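In the two complexes below, subunit A is the common chain; its partner is subunit B in one and subunit C in the other.
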Partner chain A sequence: MKLELGKIHIHDVQFGEQTKIEKGVLYVNAKELEAEVLKDDRLAGCHIELARPGESVRITPVKDVIEPRLKVEGPGCVFPGIMGKVTEVGKGVTYCMDGACVVTVGKIVGFQEGVIDMSGVAADYCPFSKTQNVCVVMEPKEGLETHVYEAAGRMAGLTAATYLAKALKGMTPDETETFETKPLLEQIAQYPDLPRIGYIHMLQSQGLLHDTYYYGVDAKQIVPTIMYPTEIFDGAIVSGNCVAPCDKVTTYHHEHNPVIEDLFKKHGKTLNFIGVVLTNENVFLMDKERHSDMVAKLCEYMGMEGALLTEEGYGNPDTDLMMNCRKVTQHGTKVVIITDEFPGRDGKSYSLADLTPEANTMISCGNGNIVLHFPAMDKIIGTQESIEMQIGGWVGCKHEDGSFDAEIQIIIASTIANGFNHLCARQY
Partner chain B sequence: MPKKVVHYINQFFAGIGGEDKADYKPEIRAGIVGPGLALKSALGNEYEVVATVICGDNYFGSNIDKGVVPELLEMIKKYKPEGFVAGPAFNAGRYGVACGTIAKAVQDELHIPVVTGMYVENPGADMFKKDVYIIETKNSSADMRHAMPKLAALLKKQMEGKEVLGPKEEGYIEKGIRVNYFNERRGSERAVDLIVAKVKGEPVYTDYPLPVVDKVAPAPALKDLAHARIALVTSGGIVRQGNPDHLESSSASKWCKYSIEGMDHADKKDFMTVHGGYDRAFITEDPDLCIPVDVLRELEKKGFIGKLMDYFITTTGTGTATNSAKRFAEEYVPLLKKDRVDGVLLVST
Partner chain C sequence: MVKEIDRAGIPVTHICTVVPISLTIGANRIVPAVGIPYPLGDPTKGEKKSHEIREHLVTRALKALTVPVDKQTVFEEDF
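So, the complex of A and B:
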C-alpha cells in the first residue's frame, strides 16, 4: 500500500470572504463554517475564533484537534466510515493543511478537557501552541445528555476539518512524501538483512468519553487486528476520548502518529517496518487477557523481531501496557515501551500503576504532575470557569488576575505517550 | 559580606573522643572545628563557616524522639545560616542517620540549602536520599579531601540558585526523583533507535529504571462474616453533594470521610463523584454503583454481615501518586482499627 502526502504549508490564518489558501495564508469564511457546524441540531450555537502562535491567547476547555486533509487520488475519503462511506484508505494521494488545525472548544463534557496557551511558559509544552488554530467554539443545546454532547463535539470538529480541507483542492504541494508498505511476505523479502520491526498501537477504549474509532467502529468492539501504516495518515483512526489532557491522542496525533512517521524514516535504512498491530484498552480483565494474548500471537505470526508499544491514558491502561509487553516478549518479539509518567508533584512515587520485569527499555515522555504557573492572557477562547475542576487543577488554583497554577496534565498533549514531544523525565 | 554556613559534626570528628564519648551532649562553637577546615577552604572567601554544631552519635540516636532535633535547630538558628553542611559521615552508621536527620530538619524548618555526604551502604543513605542531597563518599574518612570539595560545590550551587544537575554530574547519591527536561530528540525517534539496538543485541538504556515495588500480601479471609464489622473504602471520588472538602478530580492530596448513618442506600441528593478518570454519568445518577450501601444494608439486615460502619472513606484514585495513597492509608487505617473494623470493601473504579 502506497500513499503520497502532499503538504501545503500554512503560516497564517485570517478571516475572509471566501475560504481559501493564498500564499500560505488560510482564509476562513466564518459564517459558512458556522452554518456547516450548526447543521447538527444537537448544537445551539457555534462561533469561530482564530489563534496564532505567540499571541496572548488561551484556548480551553479543548476537546480535540484535527488537521484538515483531503483525498486527492485513490479510494475513500479522509475519516472513512464517519465523514463518508466505509472504504479502505491509505493509498493514492492525500493533501495536508500543514501547520493549520481545527480546535474544538466548549463547555466541559467531563473533567478531561485541556488548555492550549499560544504564548508563555505553557506554550513550550504544547504542540498546538505552534500551529495556526481555527477554533470551533460550540454551545450544546440545553440539557443535552453528556454522551450526546461528546458525539456532537466530535462531529463538529470533523465537519469543520472536512469543510476547510476543500480549500486544498487544486493546490500545488510545497512538499511531498511517499510512504509504502508491501504485503507482508514481499515486505519481509524487500530488506532481508534488516531487523523486522512493527508497532503495537493501543487505542483508548475504556468506554464512553474514553473511546477511539477505527473506520467508524468503536475500538472497544474490535479484537486486535493488523493495519497498513498508511491507513492512519488518511484518518482511519479518530479520537473520541476525553482522557487526561496531557496524554490525549488527538485526531491530529493519529494523522501524525510519530512512531509510524519515525519508523518510516528509518525504513529500508536501519530497519524493515513491517506493519501495525492495533489493539485496545478495555476495562474488563477478560478483554485484557484475550487481547494481549492476541497481540502476542499476531506479532509472532508476522515475524516481528522488535516492536514499539504505546498506550493512551494512564492508570488502568498501564495494566494492558504491561500485559502486552510481557506476553509479546515471551512470544519472542523484543519490546520498547514509550510512556509518560505520574510520580507525583515531588517526583518520588512510582511512575506507572503497573510494571513487569520485561519493561526494561522504556522511553519517557515526561512527568505529568509537575506544577506550572499559567500567566493571565489577554484573550480566552472558550471559558476558564472550569479550570479548578479540569484534570491538573484544584480548588483554589485560580487567581483573581486570570492566572492559575496547575499540573502540566492540564495542557493538551503535553506528555502524550507516543513520543510526539521532546519532553522526557530522568532520574535525579 | 560572606554567606554564612553552619557545619554539623559528631564527637569523633570534633576531637572529643570515640565510642566512650558518644553520649556527648549538643554544643555549638563559633567558627570551624576539625573537618571544618577542609570545608572552609573548599567554600572559598565568599563563604564563612560561622559555627560548628557538635553532638555525640549515641546521644543523638537515643534522644531522637526526645527533642534533640529541636534543641540543635535552636542552636543553629541563632547563627542565621544561609546554608548547612552535615558530615560527611562516610560509613559510620549512627553518624549517617544523625547527619540525614539534622540536614532534613534544617532544610524543612529553616528553609535553607543543605548537603551531607555518606558511603552508599551507610543506612542513613537509604533513609534520606530522597529528601536531601547526599554526596557519595568512600567508606572511610581517608576520602575527606576528595569528598569535602564536592559537598562544598553542591552547597554553593544551591545557595547561588544555580541549576543542580543529575547525580552523575554533581556526585550525589541518586534520589530516585523523576525530573523533567527537554531531550534533543523526540521520544518516538529515540524509541526507534532503541528497538533496533535491542534486536541487534547492542547496548540499550531505559529512561525509567524499574523500581522495587511494594507488594502487599492479601489478609486472610474473614472466618465469621455474620459478626464482622465492614467498612466501605473507595478510590472512586464519591463526596458529599457539592464537594464541601474540595477533593481533587485527579492527583488527590487528601482523603475524606462521610456519614452513611441511617441511610438504606446512597442517594444522589447526598452524594456525587468528582473522579476525573471515568464516565461519571451513571454514578452521578446512582452513587450506589460505587459505594454499594444498598446491597450492604440488605446483607446487614439478612445477617450475612455483622455491621456496615456508619461512614465511608473516599479519595480520587486517578493520577494520585502512590506515595500519597500510602500516606492516606497510614492516616485512616488507625481510625478503622480503633473502630474495630474487621473487613473493608475496597471499591475501585
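So, the complex of A and C:
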C-alpha cells in the first residue's frame, strides 16, 4: 500500500470572503463554516475564532485538534466511515494543510479537556501553540446529554476540517513524501537483512467519553487487528475522547502518528517496518487478557523481531500496556515502551499504575504532575470558568487577574505518550 | 490504602476490577469485581440480578477476611 502526502505549508490564517489558500495564507469564510457546523441540530450556536502563534491568547476547554486533509487520488475519503462511505484508505495521493489546525472548544464536556496557550511559558509545552488555529467555538443545546454533546463536538471538528480541506483542491504541494508498505511476505522479502519491526498502537476505548474510532467503529468493539501504516495518514483513526489533555491522542496526532512517521524514516535503512497492530484499552479484565493474548499472537504471526508499544491515557490502561509488553516479549518479540509518567509533584510515587519485569526498556515523555504558572492572557477563546475542574487544576488554583496554577497535564499534548512532543526524562 | 490497613494489623480485602494492579501494589487478599464502570453489579442484567451479584461479591470478600494468607491470594471462586 503506497501513499503520497502532499504538504501545503500554511504560515498565517485570516478571515476572508472566500475560504481559500493564497501564498501560504489560509483565508476562512467564517459565516460559511459556522453554517456548515450548525447543520447539526444538537448545537445551539457556533462561532469561529482564529489563534496564531505568539498572540496573547488562551484556548480552553479544548476537545480535539484536527489537521485538514483532502483525498486527491485513490479510493475513499479522509475520515472514512465518518465523513463519507466506509472504503479502505491509505493509498493514492492525499494533501495536508501543513501548519493549520481545527481546534474544537466550548463549554466543558467532561473534566479532561485542555488548554492551549499561544504565547508565554505554557506555549513551550504545547505543539498547537506553534500552529495557525481555526477555533470552532460551540454551544450545545440546553439539556443535551453529555455523551450526545461529545458526539456533536467530535462531528463539528471533523466537519470543519472537511470543509477547510476543500481549499486544498488544485493546489501544488510545497513538499511531497511517499510511504509504502508491501503485503507482509513481500515486505519481509524486500529487506531480508534488516530487523523486522512493528508498532503496537493501543487505542483509548474505556468508554464513558473515552473512545476512539477506526473506520467509524468504536474501538472498544474491535479485537486486535493489523493495519497498513498509511491508513492512519488518511484519518482511518479518529479521537473521540476526554482523556487527560497532556496525553490525549488528538485526531491530529493520529494523522501525524510520530512512531509511524519515524519508523518510515528508518524503513529500508536500519530496519524493516512491517506493519501496525491495533488494539484497545477496555475496562473489563477479560477484555484486557483476551486482547493482549491476541496482540502477542499477531506479533508472533507477523514475524516481528521488535515492537514499539504506546498507550493513550494512564491508570488502568497501564495494565493493558504491561500485559501487552509481557505477552509479546514471551512470544519472542522484543518490546520498547514509550509512555509518560505520573509520579506526583515530587516525583517520588510510582510512575505507572502497573509494572512487569519484561518492561525493561522504556522511553519517558515526561512527568504530567509538574506545576506551572499560567499567566493571564489578553483574550480567552472558550471559557476559563472550568479551569479548577479540569484535570491538572484544583479548587483555588485560579487567581483574580486571570492567571492560574496547574499541573502540566492540563496542557494539550504536553507529555503525549507517543513521543510527539519534546519532553523526556533521563535517569542518571 | 489497602497496604496501610494491612500494615496496621487489620485484615483487609481489596475488591478490585483490575487484579494485576492490585497484585502490583501489594494487596494480600483480592476479590475480582465485575468491571471498572460497575464494580459491584451489572446494570445490563437488571436491578435484581445486579443486587445478587453485589451481595455475592461482598459475602466472598467478608469471608476472605477470615482466611489466614501467607502470600498474595486472589479469591476467584466461592469457597
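Structure notes:
The criterion applied here is as follows: the second predicted complex is superposed on the first by the 426 of 428 C-alpha atoms of A that agree within 3 Å, B and C clash if a C-alpha of one lies under 4 Å from a C-alpha of the other, contacts with A are read in each partner's own complex, and residues count from 1 in each chain.
By our rule, contacts are C-beta pairs under 8 Å (C-beta built on N, C-alpha and C of every residue); 3 or more make two chains touch, one makes a residue touch a chain.
Here the structure is a predicted model, which means the values were calculated and not measured.
Once both complexes are superposed on subunit A, the partners subunit B and subunit C clash. Of the two partner chains placed around the shared chain by superposition, neither subunit B nor subunit C is touched by A:Ala160.
In the superposed model, A:Val249 lies in contact with neither subunit B nor subunit C.
Here subunit B and subunit C are compared by how many residues of subunit A each touches, and B touches more. After overlaying the two complexes on the shared chain, residue contacts for A:Gln112 are found with subunit B alone; subunit C is out of touch. In the superposition on chain A, contact of A:Leu355 is made with both subunit B and subunit C.
Residue contacts after overlaying the shared chain place A:Gln206 against subunit B and subunit C alike. Contacts of A:Met322 after superposition: subunit C is touched, whereas subunit B is not reached. Once chain A of one complex is fitted onto chain A of the other, the partner contacts of A:Cys46 are absent, as it touches neither subunit B nor subunit C. Counting contacts as defined above, subunit A residues 206-208, 316, 350, 355 meet subunit B in one complex and subunit C in the other. Listing the residues of subunit C that touch subunit A in their complex gives 17-21, 24-25, 32, 34-37. Here subunit B touches subunit A in the complex through residues 130, 164, 166-167, 174-196, 198-200, 204-211, 213, 243, 246, 248-251, 253, 274, 276-281, 317-319, 321-324, going by the rule given at the top. Those residues of subunit A lying in contact with subunit B across their complex are 110-112, 124, 145-147, 195, 197, 206-210, 244, 258-259, 261-263, 265-266, 270-271, 305-308, 314-316, 334-336, 338-339, 341-352, 355, 357, 359-370, 389-392, 394-396, 407, 409, 418-428. Those residues of subunit A that touch subunit C in the shared complex are 206-208, 283-285, 288, 316, 318-319, 322-323, 350, 353-355.
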